[in-house]
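Please read through the structure below; I'll follow up with questions.
Read from first to last, the chains carry the letters A, B, C, D, E and F; within each, the first residue is number 1.
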Amino acid sequence: MATVPLIEYEDATPDVRAIYDDIRATRKTDFINNFWKALAVNPAQLKRTWEGAKAVMAPGAIDALTKEYIYIAVSVANGCSYCIHSHTAAARAKGMTEAQYGELLAVIGMAHSTNGLVTMMQVPVDDAFKVQ
Amino acid sequence: MATVPLIEYEDATPDVRAIYDDIRATRKTDFINNFWKALAVNPAQLKRTWEGAKAVMAPGAIDALTKEYIYIAVSVANGCSYCIHSHTAAARAKGMTEAQYGELLAVIGMAHSTNGLVTMMQVPVDDAFKVQ
Amino acid sequence: MATVPLIEYEDATPDVRAIYDDIRATRKTDFINNFWKALAVNPAQLKRTWEGAKAVMAPGAIDALTKEYIYIAVSVANGCSYCIHSHTAAARAKGMTEAQYGELLAVIGMAHSTNGLVTMMQVPVDDAFKVQ
Amino acid sequence: MATVPLIEYEDATPDVRAIYDDIRATRKTDFINNFWKALAVNPAQLKRTWEGAKAVMAPGAIDALTKEYIYIAVSVANGCSYCIHSHTAAARAKGMTEAQYGELLAVIGMAHSTNGLVTMMQVPVDDAFKVQ
Amino acid sequence: MATVPLIEYEDATPDVRAIYDDIRATRKTDFINNFWKALAVNPAQLKRTWEGAKAVMAPGAIDALTKEYIYIAVSVANGCSYCIHSHTAAARAKGMTEAQYGELLAVIGMAHSTNGLVTMMQVPVDDAFKVQ
Amino acid sequence: MATVPLIEYEDATPDVRAIYDDIRATRKTDFINNFWKALAVNPAQLKRTWEGAKAVMAPGAIDALTKEYIYIAVSVANGCSYCIHSHTAAARAKGMTEAQYGELLAVIGMAHSTNGLVTMMQVPVDDAFKVQ
């Protein structure tokens, strides 16, 4: 139950269609997922977000699969169900094995636990961790 | 300003000292960071947490540096300042370059943005992302 | 799937009915939304919350539509799906245009992004931003 | 204690200086706040973020002060201390009165409360709030 | 570094003084903590919040110390440093032992961990947990 | 729609079955809830989590029902719907009355509100709340 209509390709304005075309060409698939169809409610925001995502998620000093792990980690902590589903699917499409999924799960579970423990005890930052 | 006292090695009970010794041996350093000194308020929890962390953060199907990225990502989303400092320092100690830091930053920034956009629009999960 | 029963007008105790009556009179509609029907599990809390909401959401130094934008912004960051739906509907009922929705979306997306960036880098507060 | 160095104008590369120059020209002040000096760790991200912020925060269908209210609301819910300080200062610079601050505070407090109440009771979305 | 001035008793308006007087009388101490001095920026909100807190935190079907545990738990998950400090102090003043603190810590750490694990795996609610 | 398959007893490996057997014996019921069936994707994590939960949630210096209140409080603030459902059911099974539920609700609502108010005003910690 989105709070905005999902805009299909055939109903889109030319500027939205241009982004959809670039998504399809970049990803080599006709599939446009619901996030972009919803974001088309604001074409300038759609363009900014797509261009940002295309630049940021491309492999560079960090590989593309690792970037999906990071995305999943943020999405879990923020409780974004859609984002967890889409980036877990993306990670699997990029080769994440079940052993890797299991370790990702364990690290995320551990991080949540120690985040809570540290915050409750209000542990002060060690000098050794400070950047000069 | 922790809400608990930080327990130094010399003031610790034998069960706490045993964990401190294992932290030192495992990490090959005498340095015990404040998190463990605070957690010593509950020795059973200290033991559980250290043993969990030792098992979970060891390299496996996911390498040790990537696990630090994931830890940072969760800690940022949860707003845990201590955790961000300690795991950024750990990532650098494990070889994170400034180029990698910069890309980690960009992915985390992007993930927060799309988490917010998706949540505001309440985008429904695409069938393609569902596990059978 | 609420974790409490939803209490309809006809099944409500007199003190709950009095609140329902005031909601109806204030909003000039017979419609009571599910939040209040659930909150009736604790009549004193229902009364406190309704009276607070009535006072706080009334137009004053900030107009009623702007207050809905603020409510949506908080609800998105807290991941409260019900609250996002109800306050987006309320904003539309108070005249929010699609152009305004699109800009609200963009600001919320931007704020989430820079919140994440700032938190990851632990940026210190500029002196210029401090209140004397 | 940032986890990155803050890059001053005189130490910046030409691409970073170009952004700093645009910030100064757009805002009609020589002051560059710490967020941008930290973000210069990744010049491409600095450019993307500044250009996004410039476009998104400009007055449009929603006025500039209201956009600051929204920014503050998100930043409070995400617990971003720096962001709260900087956008509260920005709101005051754009004319926010103390009466408006007081009402903003009240709405944000109310929204947090009802977000928690709704989430605890897992209130189902009313059909009336759903977009057709 | 509050974003509002802290209002002392001698500088307060009569309506704010009346609340301060009631806080002192209820708590049987002259001490007014900073939260109330800050909240005095909006006297109506100060009154609403104090009266709500006085009613809600009083012992009833749940005792006063347990209510502090619950308050700490929420404050940790929301990352509110001030709230963690003030309610940990309140719990100790109401008799919380170090053994109880240690168990509270363990439960909060465990809850954060399983919250993260459940959210990452998007576990569906068992029918057995649903209210008829 | 979990992002992992739920593993039933008959399909489980021996190490997973051993945990399921211990859950059943400890809880004196054949029912295994979905969390454990999902977590079986990583048997070592399943074992660590179950053993941690068994130790932490047992009555000690804090009784078992109070521990459920704390768990619910964390889960609400983290927005974990599954966790709210399962621990609300657990609290009821351990004797939580509707009056207690209503007070738990009121405390959690109050804590969320003051967390937001404090964070927005960035209230500094009183010296009286600091541990020496």
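Of note:
Everything that follows uses one rule, which is that a contact is a pair of C-beta atoms (placed from the backbone, for glycine too) under 8 Å apart; a residue touches a chain by one contact, two chains touch by 3 or more.
Treat the numbers as computed from the prediction; the structure is a model and nothing was measured.
The chains that touch both chain C and chain F are A, B, D, E.
The pair from B-C, A-C or C-F that reproduces the interface of A-E, where over half of the contact pairs by residue number are the same, turns out to be B-C.
At the far end from chain E, in terms of centres built from Cα atoms, lies A.
Contact tally for A-F versus C-D: the pair with more C-beta pairs in contact is C-D.
Separation between the centroids of chain D and chain F, computed from CA atoms only, is 34 Å.
Once the centre of each chain is set as its mean CA position, chain E and chain F turn out to be 20 Å apart. Listed for chain E are residues 1-4, 41, 44-45, 49, 52, 55-56, 74, 76-81, 84-85, 88, 102-106, 108-117, 119-122, 125, 130, each touching two or more other chains.
Contact residues of chain D toward chain B in the complex are 1, 3-4, 41-42, 44-45, 49, 74, 78-80.
Residues 72, 76-77, 79, 81, 84-85, 104-105, 108-117, 119-122 of chain F are the ones that touch chain D when the two sit in their complex.
If you check the complex, the residues on chain E that touch chain B are 79, 84-85, 88, 98, 101-103, 105-106, 109, 116. Every residue of chain D that touches chain A in the complex is listed here, in rising order: 1-5, 44-45, 48, 52, 55-56, 125, 130-131.
Those residues of chain E whose C-beta lies close enough to touch chain F in the complex are 1-4, 31, 33-35, 38-39, 41, 45, 49, 52-53, 55-57, 60-62, 66-67, 69-71, 73-78, 80-83, 85-86, 88-89, 97, 99-100, 102-104, 106-115, 117-126, 128-130.
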